[in-house]
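Chain lettering (A, B, C, D, E and F) follows the sequence in which the chains are written, and residue indices restart at 1 in each chain.
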């Protein structure tokens, strides 16, 4: 019954890649902790690069360097 | 002063239904715990079905079955 | 399949009251949006009053006034 | 290595203001706790006013008053 | 630079298992999306079974059945 | 009416430092976006170093190096 929230910058993840993340995390929780995939919830948030900061800067600006 | 975050798939919730959720959760916290509605914050996140997984699959694919 | 996170200050919520919150939010989502209770997840976080701020002050200090 | 999530209503924050928030929070964590800016992550979520409630009402309706 | 939050019930995860989750999710994001492990943050929240509800019931009660 | 969640490792933040974070973030949102301090909520989560990973490792292990 785990809940997993993956937050990434909104750049280029395809629907296929997002499926791989969902499948991969669900399997990981089943393998490591025996968690039931039936009730494992995974939510992916894609965040605009203007809204994501690291090192005190927006990713939009870091990408330009 | 509670904070409530409701995450649902982005499918068909209307503004009217979202008002009912906000009102309903706020009342519930006042009724059960005596929390002051004035500072009860409710945020609803609507998540694309490609980005929501359960049972190791994206909801987009589950909806097609 | 909704996910709900309720955050309250850690003060005096009993196990019984937490059950009422879980039941109440789950019913609300079923009533308003037709969401299936079987996969509705509710997580309650109880936060130390030193770690919760409003109006620029810790709740610990607000409670002393 | 802190993680900060700032949630505001989606109204009128500019890219410039978001940069100031990212810079300001990162500096605050360095100043107060000595946290390394290199690994301080800040994510700003802008939430539709229909999806944000306070006092049991959607902000959309509060703004109309 | 992804941020991953894994929420599980506080039951019996060992430090070793938590390391496997951290390593596994970090590798998954590198493999699927090419994300840099250096800035991939993983936070595991372990939640009391009184505070986690599914199907309208606290996990504490579900475990007793 | 902003909501801010600051997540840090549970190491040595004092109540006094947490007050400074609450005050500092609240002021920042007032200064940059004109947000009303009265309804600005700040929650600080302190996370066990076993439960926080970066670079694929638990912070507990990184601290030992």
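Note that in this section contacts are C-beta pairs under 8 Å (C-beta built on N, C-alpha and C of every residue); 3 or more make two chains touch, one makes a residue touch a chain.
Computed from a prediction, not measured in an experiment: that's the story for all the values here.
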Chains contacting each of subunit A and subunit B, listed by label: C, D
Contact-graph separation of subunit D and subunit F, given in steps at minimum: 1
Pair exhibiting more inter-chain C-beta contacts, A-C or C-F: C-F
Fitting subunit B to subunit F on CA atoms, where both chains share a sequence, rotation angle to nearest 5 degrees: 180
Repeated interface matching A-B, over half of the contact pairs identical, chosen among B-D, B-F or D-F: B-D
Centroid comparison with subunit F (C-alpha atoms), farthest chain: B
Identity of the chain that, by mean CA position, is farthest from subunit A: C
Subunit C and subunit E, separation of their C-alpha mean positions in angstrom: 20
Whole-Å gap between the CA centroids of subunit B and subunit C: 13
Numbers and ranges of subunit A residues touching at least 2 other chains: 1, 3, 7, 21, 25, 39, 41, 43, 52, 54
All chain pairs that touch each other: A-B, A-C, A-D, A-E, B-C, B-D, B-F, C-E, C-F, D-E, D-F, E-F
In the complex, subunit E residues that touch subunit F: 15, 18-19, 21-23, 25-27, 37-46
Of subunit E, residues touching subunit A in the complex: 1-9, 13, 17, 20-21, 24-25, 28-29, 31-33, 35, 39, 52, 54, 59
Subunit F to subunit B touching residues, read off their complex: 1, 3, 39, 41, 43
Interfacial residue positions of subunit F with respect to subunit E in the complex: 7, 47, 50-58, 60-61
